[in-house]
Amino acid sequence: MTTHYLVLSALLFAIGGVGVLVRRNAIVVFMCVELMLNACNLAFVTFARQHGNLDGQLIAFFVMVVAAAEVVIGLAIIVMIFRTRRSASVDNANLLKY
Amino acid sequence: MPWLSILMAVPVLGAVGVALLPKGSDKLAKQVALLVSLVVLGLTVAMAVQFSPNGNRFQFEEKYSWIPSFGVHYGVAVDGIALVLIALSAILVPIVILASWHDAEGAVAAPVRDAKGATETADVKTEVVPPKRSAKTYFALLLVLEAMMIGVFAATDIFLFYVFFEAMLIPMYFMIGSYGGVQRSYAAVKFLLYSLFGGLLMLVAVIALYVVAEKNTFMFPELIGAIQDPTTQKWLFAGFFIAFAIKAPLWPFHTWLPDAAAQAPAGAAVLLVGVLDKVGTYGMLRFCLELFPEASKFFTPLVIVLSVVGIIYGAIVAIGQTDMKRLIAYTSISHFGFIALGVFAMTQNAQSGATLYMVNHGFSTGALFLVAGFLIYRRGSAQIADYGGVQSVAPLLAGAFLIAGLSGLSLPGLAPFVSEFMVLIGTYERYAVPAIIGATGVILAAIYILWMYKRTMNGPTAESVKGFTDLNGREKWVVAPLIALIVAFGFYPKPLLDVINPAVDKTLTNAQVTDKQPVSTVAEKKGAGQ
Amino acid sequence: MNGGTIEAPTIEYALLAPMLLVFGAAIVGVLVEAFAPRYLRKSIHVPLTLLALLGGFLLTILQAVRDGVPTTPAAMGAVAVDGPALFIWAIILILAFVSTLLINDDEQFVAQAAAVPGSTDEEEAVRSGYAQTEVYPLLLFSVGGMLLFPAANDLLVMFVALEVLSLPLYLLCGLARRRRLLSQEASVKYFLLGSFSSAFFLYGAALLYGYAGSLDLKAISAALGTVAGQDTLLFVGMAMLGVGLLFKIGAAPFQAWKPDVYQGAPTAVTALMASTVLVAAFGAVLRVFWVALGNLDWDWRPVMWGVAILTMIVGAILAITQTDIKRMLAYSSIAHAGFLLTGVIATGAFEQNREALSAILFYLAAYGFTTVGAFAVVTMVRDAGGEAGHLSRWAGLGKRAPVLAGIFAFFLLAFAGIPLTSGFFGKYAVFSAAVAGDALPLVVVGVVTSAIAAFFYVRVIVLMFFSEPAADGPTVAMPTIGTSAVVALAAAATVVLGVFPEPVLNLADQAASALFIR
Amino acid sequence: MQSPAEIVQHSGGVIGVSWLMIALPLLGAAILLLGGRRTNKWGHFLGVAMSLGAFVVAVLSFVELLGLNPEDRRRAFELFEFIPGMVNMGMLIDPLSISFALLITGVGSLIHIYSIGYMSHDRDRRRFFAYLNLFVAAMLLLVLSDNYVGLFIGWEGVGLASYLLIGFWQHKPSAATAAQKAFIVNRVGDFGLLIGIFTIWTTFGSLAFADLTHQVTGQASEGTLTAIGLLLLLGACGKSAQLPLQSWLLDAMEGPTPVSALIHAATMVTAGVYLVVRSGAFFEAAPTAQLVVTIVGVATLLAGAIIGCAKDDIKKGLAGSTMSQIGYMMLGAGLGPAGYAFAIGHLITHGFFKANMFLGAGSVMHAMNDEVDMRRYGALFSVMKVTAVTFIIGYLAIIGFPLLSGYYTKEGIIETAMHHNEILGWLAVLGAGLTGFYMSRMVFMTFFGKKRWAEDAHPHESPAVMTVPLIILSIGSIGLGAYLVLGNRFLTFLSPAVGLPQPADMPEPHVFGVGPAALATLALVAAGAAFAWFRYGAAEVPAVAPRGSFLTTFARRDLYGDALNEALLMRPGQWLTRIAVFFDSRGVDGLVNGLAAGIGGTSGRLRRVQTGYVRSYALSILFGAAAVVGALLYVGNM
């Protein structure tokens, strides 16, 4: 029965990935990344269940912490660029190319 | 006494010294450079006289472990072949330094442009007067180059050889690039990339050689016969050969040479065609044949075809050139055809001839380039059409040009004849038809040289040429030694051949070839006589 | 660990000392930011950082010489401080030290990151001589992460390390004093793509965990033999893990971020990334693919072949038409990542692996120094708008500043792998390892691409030396002691490694002697 | 046939220093060329001195050689090792080489002396003498060296000298072109000679004449020997202006007249004959080759004669006759030992009377301020007696007036040819008739008939320094032939070098050497002369040449030799060159540059992929990931 959870996590991961591709707003894009991380968490926990050891659950906590740190940094950066450009769209920032 | 190391160290130190001279001391730089190169020449002579032709194959051996992890040694030594080529470099460098006295100073003789004629004859391409540059750097580079030229011929460690083979490109690249004609950077880049590409292919072969041989060394003598499997030999041969064919250059890898030679200052051109390119043919003779005898035999037909094509093709294209330096470059392509032909004809005469050819060609083409350089320096154009009737105003210049040219068409009595004769006769012993086709190059040579001479030197004196001065003292000193050597070795090549022959013998033995014997018995009778 | 009982962890502090020192210094740095008055901060930060890095380096050396290379992983198998790790640490710490010298230059960093470009706040900040001194602690954190990354013996630790090294860099990229828009854009791109890829890494880790029931590399490789029927998990996990790692080393098709970020980031930071991050990332790649997935090399090698070839080609070809020096160097670093990958692929018997490993280690050292030096030179060539990035501005530099141009040319030749430079022996070592590991075709591609790559290095030399200077060409900034020291050191390293590589080769050999411990 | 004597290794006596013959003029040339203007004042005297010195050495050696008993009159000795294991430079003094040496140095010296006067007004007189000395040295090397390589060096050395001397007035484009043409055409011949030498080497393993005797040639297949013969013949054709390589000789007349006399009449052009005789061993063993030699000889002697008939330029006329006379020699040389003596004999006498006439012509031109068109001459007999008389003596000699030099030697050739092969014989007779015509034409147009001078022409006799050589030469033209031929004196003298013919090959001797062939010849010659008299002596000669019959134009155009060369070689050559150059720049180099451009273009297009949109990067990462996953799964489940 754990497979369902795995499928779910895979779906979440996919959704996150697609979100990163299709959304313009930097915040949303970033949230999609977070979604992917959480998909990973789900997977970890599920596997932990499968293997009957705690590592997976343990890892999930680590991941959350890391994600939190990422959020801090990410928001800082996004805010910075938003203040400069008055827009959070990732497509506006393409001075660097070719 | 570590002769070879000293031979390399002296110019390097000299280069450093020259580079460290204070700004604006160009004249001093030249003098120092000249002095250093003369010292090197002296040392070379001192070494050469101690060389015993029939002694060990490699003499003045030095061998220190350099990079044990790769099994690389600093191994240098010379046999007859290497010795004469080192001597060639040592002789040419001082002459080139003397000749390039003003090359770094850009346009001194502003191109004379007669109202008409100039327009159609001299488009921007023919402008060969480079901007003013630091003479210091030029001569420093020259000395570094000399050290590397000596090193590349002296190296008995294949890795070391490769290192010099590649590193050599850099000083030459800078000499062409910053002191050459208008299209210098194009020419320089083409030269560098072309050679580099060949070099990298060779690198793969070198690595593979090391890996396959499993001798944990790059020392050439120990690697002879290390590769037995024919297929491996073929691949490795290809790797080495293409690099050498590009360097030499052999048809069809030649197109970088005309550009490089035409754009380079005359002095650099001399070293490029006179010495650097010899590394290619030297490499074929030294490494391809001895390391991969089977493969060499297998590829011989191909190489011979390429060489013969090169001889004829180079000559024909040379006839069609309108730019003196390009013309000379193409003649060299033809000559390198002869050398490669001699190397792969695999007979004593042919290979001795080829080796001798490398030396003589250095002298003759050197002379030709330098005299052409003097001419161009006076007129500011390399276009043949911009000249005419020079002989009437500058007979000495014309005379020098003629002698250099005649040696270029290997007139008997001048050094190149002996080598060309030996190459052809040696080839004829085994491959008659290629030799015959190659010999037609003799006719074509007469056409391209004499025609160029006629168009530049004979006929009524052109307006733009009227003001020409004849050779000055310095220029005489540049030409004289070359011509002296050309004539001397034209009548008495024995000293060189005595050094070369034993070395070639060894090469042939390692290449597992033996000469064909003539049908008649006169040879024995003759042999008794000698 | 098996469910329920938890043993008290034992930690070999001595082994981890270098890392701990760096992290400690970083935290102190934060405290400095918090409590020290603004005018003092910098004068505290700089020595602190330098000392920390230097100390870390010395500790590493000490570790290596005193009680040699440990044979068992530390911290309960979480961190493996083995030969390669120590070697990589040493390189990273030196390079970081050098880069710090570059960063120690007001011209580099923004006065106040919060201030909007061109706004009054900014002018205000500039006038009052503010400086974003957080740079130093950030740098230290990042370096700490870099130390942990290649030494991580456990995918979780590795993931944490990955984030620790990346997050500060994301910030650092955005702190350029000039061309702030570019800088911020670089920051955003790096951040988004970085976190995106680390998500892949994590998911890969998750799948592997699912496969092996543990994130311990040793356990995973052990599981390869035992576990059956889970191959899909294994392969997909391995692939996604690989994506995360390959992203960090900038292998195609995951290289897209490199040019943009390298170009936009403050050059000093670029130098740091280009040298140390590459080193750390390759350490990690090697550890994952050789230790955890070593027995699977028959499966991942073909894929790696493709990646390597693609990387070399993309790097070499795209660099040709670049017009910005930093961007060009970025592509060149992609190409070099490709060359290094040929070494990673050249696995085989023990001896073979050892040769390949030491080759890669040497290459990393050689390349790292040259890169730092090259970027250091880039920082010195400036015009009105800051650094003169556009190549056309470099025309005739050989006239204006012969020495500097000469040194830069020398670095370029080293990148091109001309003999008598460190780059040549690096390439030689890796390629010969690859040939020995029967990856000859890969090597052929390698040399062909190096020939192509040579073109754009040579092109810069042509610009600097063979073409006439532009009328309003860039001026060469009077270098700070730090910068000139960096250039000198890098040049020296490039020469020495190019003429007498033996000592370093020996070190690399010894470091690689026992390969990675499990 | 009886083979020539073995060579005696020997040095010492004058012969031991016979290398001085070569060394002296060489030294002279070196001094004059390197000495520069300093030597202007006395340069020409030095040149003459050196030439005379060589002559003295030659005479002494000759005497010493005569002192020996015939069978060991072949002296060879090594000088130095040239190409170790292949060639040792050495001298070979035998009747053949010595008679050449005497001719070269003797006539050469006379011409040197003559040139003092002839070139007195030329600012480059020193250079001229330097070149003359160079030529003498090279020519002596050619005939005196004891191996083929030495011969070849001399061979091309004289080529160089002739190049320099033809183009002596290099500011004249015509001269420069003529010189270039001469050298290049010669190179074609040299190519043949070179290959011939190669074949000899690879077949016999030696290049020394001493080794290549009849015994040796016996060891090679006749095919090889024929090949060798024909290749050597090609060389000979180039040097001796025989068909098909004759075209350069007429243009060569651009050179100063003494040059034409020495090089392009007396000595160099006869080198081909020397080569054939010297290589007799090969030819005698290869009848086919011999036949070809005779055919070439006859063809050329007719061609030359026909050309000679139509030329109004006195020098070109003489040049044509030279071709024709060398044709005779070739014919003789192709007849084996029986012919050798006559061939060489004719070569020597021809050396005298042709040089004599050329110098005479030079003297005339000197008098007519370098006018060469005979239609502008006429009635010069009265004004320049010495020149006229000597010229006429030469003329009588060449048309074979009985008892004069030419008569004996030429008759000898004709007789032998007749004896050997009727057709060749009669053709040779026909040639003699033509000779009678065109030479008479020349004499009548020049010295008799009415004045057709240019207004400003004030002809006068030349100074003694020029006339004395003329007189000496004319004496040779009178007596030499008889001396050589009567009693087979020359035949026996040469025999140690070239061997004696079988009696069967010899034509049976006639009383006073007058046989049917001889009579026929005389008749034809007389007829020719008479016809010439009616056309040019008695009748009025138009000052401008009328456009004559087809045959005339045919002859005037040198039998369309140049036209042929142009059509067959030059134009295709030029095209080939253009194509090659184009192919090289567009084809080979185009490929290289194209490749570079291709890479650059790819790069330019590929970089567009880097759009700058972070999301597209993410996409690439996703695709990359997908690819990697797919690949791994594929590989893994393989």
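To keep things simple, chains are lettered A, B, C and D as they appear, and every chain counts its residues starting from 1.
Definition applied: a residue touches a chain if its C-beta (ideal position, glycine included) is under 8 Å from a C-beta of that chain, and two chains touch if they have at least 3 such contacts.
By chain, with names taken from UniProt: A = NADH-quinone oxidoreductase subunit K; B = NADH-quinone oxidoreductase subunit M; C = NADH-quinone oxidoreductase subunit N; D = NADH-quinone oxidoreductase subunit L.
All values reported here derive from a predicted model rather than from experimental measurement.
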Contact-graph separation of chain A and chain D, given in steps at minimum: 1
Furthest chain, CA centroid comparison against chain C: D
Approximate Å spacing (C-alpha centroids) for the pair chain B, chain C: 45
Inter-centroid spacing, chain B versus chain A (mean Cα positions, whole Å): 65
Whole-Å gap separating chain A and chain C, where each centre is the average of the chain's CA atoms: 25
Chain centre separation (chain C, chain D; CA means) in Å: 79
Residues within chain A bordering two or more other chains: 17, 20, 29, 90, 93-97
Residues of chain C touching at least two other chains: 188-189, 192, 196, 259-260, 455
Which chain pairs touch, all of them: A-C, A-D, B-C, B-D, C-D
Chain C to chain D touching residues, read off their complex: 188-189, 192-193, 196-197, 200, 231-232, 234-236, 238-240, 242-243, 247, 252-254, 256-257, 259-260, 299-300, 302-303, 306-307, 314, 317-322, 452, 455
Complex interface listing, chain D residues touching chain B: 33, 80-86, 88, 149, 152-153, 155-157, 160, 163, 167, 170-173, 176-177, 180, 183-184, 187-188, 190-191, 194-195, 197-199, 201-206, 208, 211-212, 216, 219-220, 573, 576-578, 580-581, 584, 588-589, 592
Residue ranges of chain C touching chain B (in the complex, touch as defined): 358, 398, 413, 416, 418-420, 424-425, 428-429, 431-432, 435-436, 440, 443-444, 447-448, 450-451, 454-455, 458-459, 461-462, 465-468, 501-502, 505-506, 509
Residues of chain D defined as touching chain A within the complex: 607-608, 610-615, 618-619, 622
Residues on chain A engaged by chain D in the complex (per definition of touch): 17, 20-22, 24, 29, 90-91, 93-98
